[in-house]
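Next, two complexes with subunit A in common: one pairs it with subunit B, the other with subunit C.
Moving on to the complex of A and B:
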């Protein structure tokens, strides 16, 4: 968006990107054009209640109008909690969650992702958890839990497999997080 | 002493919800002349009518008052009940305690109950003076008149003609075809409009039972069902249509240029013209207002003789005409010719007019690139000004970005409050036609609601969305002209919750569907009123949608309200079958509720003769004096004569002075 637009808040549709619709369809949002903006998804969405500006219905409308920059300038799409309610209630089988996912893929390609997401991705790569509290071990032990959950964190072989998978994704090409194998230690924690 | 039976209907909760029916019944019971009063949930139902019949058969009553809904729809039902019970059916009086009481006064139960009592008392007072009357019959002229030669009128005419009746089809334009002839393709199947319509036009033009009167208008209508006397003015064409072959040589020769109505003013036609290439009948017309009278050839004058050649100097059109149809020496009566028709029934199918863009100042109507959807239709049409090439008007360039604006003049208190019904679909259709042909075009449609309610319409809408046509909910606030023939569309996208603007090459306004010009005046000639929207009112929205309050006159197509083609055709065929019933029967019952002059007492002053709107009264010689006499076939029972007669010697049967006075007196006390 041009600076003028940011100042006035008017969205110039002429500057919309007509290719965005096809891009989203390729990246997983195949049913995008089925959306008739009935807003049932928005009624079920926690992002709406939390006050994020680009929630499912609005994301879809913005994509339909090719408003790539408006979506990339806003971090809302990263707030989706993947609760999947939108997809469950959608009467048109649009799969709004898949569209948000696809939009995230577009954003990643453009490196338009918030710092928190980078940390989350790094944590995912290092531990297999997007959010993992390394210091929780003693608390866990107090309530009779093993210090590390029975997941990738406690299973170096599984973690290695996960990392191998992640390295096969677009993330490796984009270089958003360090993925050097030598950097990975079995005790890497955040 | 009359024995009146009073029957009060609950109409479910319609009446009983506001009126204390039992209280009214008790009140009615005590009125003078009332033998019994009953109430029932639905008086019009079979058991309801049975109550009346039984009471008549048991000899309890000899007059009936039904306090219920409107006599407009229900009087015939109760008359039948009286007849079946063995009583003269005109010994019935209705009190409308629903439309005129419980409905408007639903919030005031006490008041509504009091009013119901008054209305019942008034009806009872009149009922005491009712007299038995006998139906009369009139012969039906076995012909029908269809006004309007669009798709509705043509189908109505063809159906009647195929049933074997003579049909006069009156169309004000030189050719039949109407608005549908202007369309490129038609939703929801995208048939080519001309391909499906022109064969119908040809059928209409060649059917032995159809007398096609194009370039004609209805001047006046008199009489009633079975015997309408219609005057039709055949407008002056200044061309001998018997000789004209529609070759078009005269059109090519004519130098005058006039905005072409058929192409919605997008190009010019000549002063002598054939309405469109597929016109039926294909005949030329001289638009005398714009005729230049080349070579000083005014109509009706002898040509000057060339001084050298000795040949007469002719106008180019005359010279070009090989058949002698274009003969300017002939004295033409500019008024045309008035012909009289006698028909049994009439169908009105005068269609619609698309609203002009001029009133919408906020949408830059002065810009050549802001056009109405009908103009776009002509641009897209192979017979249009660009022969189907998609050009924008200002520079002939193919538009890359197009904005459609819906509800222009519809759902708008300043213009038309109603939904024009077809705009959503025609916008989608036009957008689709463009997008299919030129997939690179960016098309934005600004809606306030998408109304695609017909069969296969939602599927059509989905298909358009899949083509990538963009829909924005939000009425456009402004269209501004920018340098370089660009237009800026400003709106608020409700779904985005943000103001948006768009630079477009072409803006298409989906302007409202309006009643045809002069529809109200035609309605007056026919005795049919228009609703608040200006379209002709049907007798009953649900049950009698093609009938009108005037017996023998039916309506079809957009004369009644906005409609698409499938609906117009359905209604036209419904109207034709309704209009065929009296023709088939050969005679129709006419209510005896008409006026009669007491010949012995008439002074022959002639007051009534002047006032009668149906020209049913004449002064005739009777025992050495002029006295007025009423033609039963023409009298419509309006009562003007009876009210005006200074001697009080005209009786309107069913509404005699005694009856009316009793009714008023009962209301007043």
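Moving on to the complex of A and C:
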């Protein structure tokens, strides 16, 4: 959406990107075209109650209109709680949550992802945990637990296994995070 | 009985007192916990699921295979872990192409996803495998005289098709209510029972909007139930309700505080756990309500 369109609230449909629909379908939003904009998903969505610009129904509408830039310029798709109320109530089995995820996948392919997501992905690769608190050892000890949980952080072989898995995924092809050797020192709260 | 404990990120690093509660309560009820050594993040929603379906499922599948090798089901107390693991399992079990792509990836590390382990949420597992009556018999303390407000958590409920333990009606959940009543609590109903708490992606994206949601829930709880305690079914909800109250009080959005515990923490206390080990990291003071539980 151009700045003029944002200012006037008028959408020039000839500027829409017709390829966006196919991209969404390829990235997990297979049932996109089943949507009849009935808004049952919106009635159940916490993003509506919280006041975000784009929630399930409006994301789908914007995709159908090809408003790629409008969706990429707004952070709303990253606020989706993945709560799946929309999936539960949709009468057409559109799976609106999966379409928001697919829109995130489009955004990531254009490097339009929040810093926190990049940090979460880096933390996942480096430690095996997307949410990781480097100083948690003392917190764990305080309640009588070993400083490291029985996860990849306490098991170098398991971490290498996980990294070998991640290196074969689209994340590696996209080059969003460095996948070289690194020390586990950072904290990340996604 | 034995199950694999999927501890995840937030419980491990942020609220390990909840981890301790699970480690106390399950054995106290005769259920052995396996640590599923080498487990990783589920992975959570803002990371691999937002990049690619097959990559998401592959990271989840590696966790599933750790439980499968041991012939165990997976139990967790975190809604995000529960949701992500259950959804990746559903995708692989219902889409042979995804499953084949995932197994092609796993081949390099000598693993294969078969789909033989179930994903369970801790209190649902106890509800179905032991039942409220057997849990009642094991209690050393009870919640008699205490009124609680519940926060079931989104991923406990939707999408119901991916979960092994289903509510009869996911918009009118009963399991957490019946489990709290089994401990002796009076459970009050409030209008915003199934509303989202705002934790997770929403809080990471816009903290003010996220806190608006938890404020709405807290006001609804206070006005309609006036609870002695909020009991959550999800570790993320626990963190949100526990940490947001101070911000909301400082911003003059609320003028009260309500202690918050996860159901497994309350259960562990009722089974005789050390209070510091299973509730010691709460930010909103739980001291007085824990005293009442231990006196009950």
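Just so it is clear, the second predicted complex is superposed on the first by the 176 of 190 C-alpha atoms of A that agree within 3 Å, B and C clash if a C-alpha of one lies under 4 Å from a C-alpha of the other, contacts with A are read in each partner's own complex, and residues count from 1 in each chain.
FYI, contacts are C-beta pairs under 8 Å (C-beta built on N, C-alpha and C of every residue); 3 or more make two chains touch, one makes a residue touch a chain.
This structure is a prediction, so every number in the text was calculated from the model and none was measured.
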item: Overlay on subunit A: subunit C relative to subunit B, clash or fit; value: fit
item: Which superposed partner A:144 touches (first subunit B, second subunit C, both, neither); value: second
item: First, second, both or neither for A:49, with subunit B first and subunit C second; value: second
item: Superposition-derived comparison: subunit B or subunit C, residues of subunit A touched; value: C
item: Contacts of A:61 with subunit B and subunit C, given as first, second, both or neither; value: first
item: Touched partner set for A:33, first subunit B, second subunit C, both or neither; value: first
item: Superposed model, angle subtended at subunit A by subunit C and subunit B (C-alpha, nearest 10 degrees); value: 100
item: Shortest span in Å between Cα atoms of subunit B and of subunit C, once chain A is used as the common reference; value: 19
item: Shared contact residues on subunit A - subunit B and subunit C; value: none
item: Of subunit C, residues touching subunit A in the complex; value: 7, 9-10, 12-14, 16-17, 19-20, 23, 35-41, 43-55, 58-59, 62, 80, 83, 105-106, 108-109, 111, 154-155, 157-160, 170, 195-196, 198, 200-202, 204-206, 209-210, 212-213, 216, 274, 276-278, 280-281
item: Complex contact set, residues of subunit B against subunit A; value: 401, 442, 444, 450, 462, 465-466, 468, 470-473, 493, 495-503
item: Residues of subunit A that touch subunit B when the two form their complex; value: 8-14, 18, 21, 33-34, 36-37, 39, 57-58, 61-62, 64-65, 67
item: Touching residues (chain side subunit A, partner subunit C) in the complex; value: 27-28, 46-47, 49-52, 75-76, 78-85, 87-88, 97, 101, 104-105, 108, 113-114, 116-117, 120-121, 124, 128-133, 136, 139-140, 142-145, 149-152, 154-155, 157-159, 161-162, 164-166, 168-171, 174, 176, 189-190
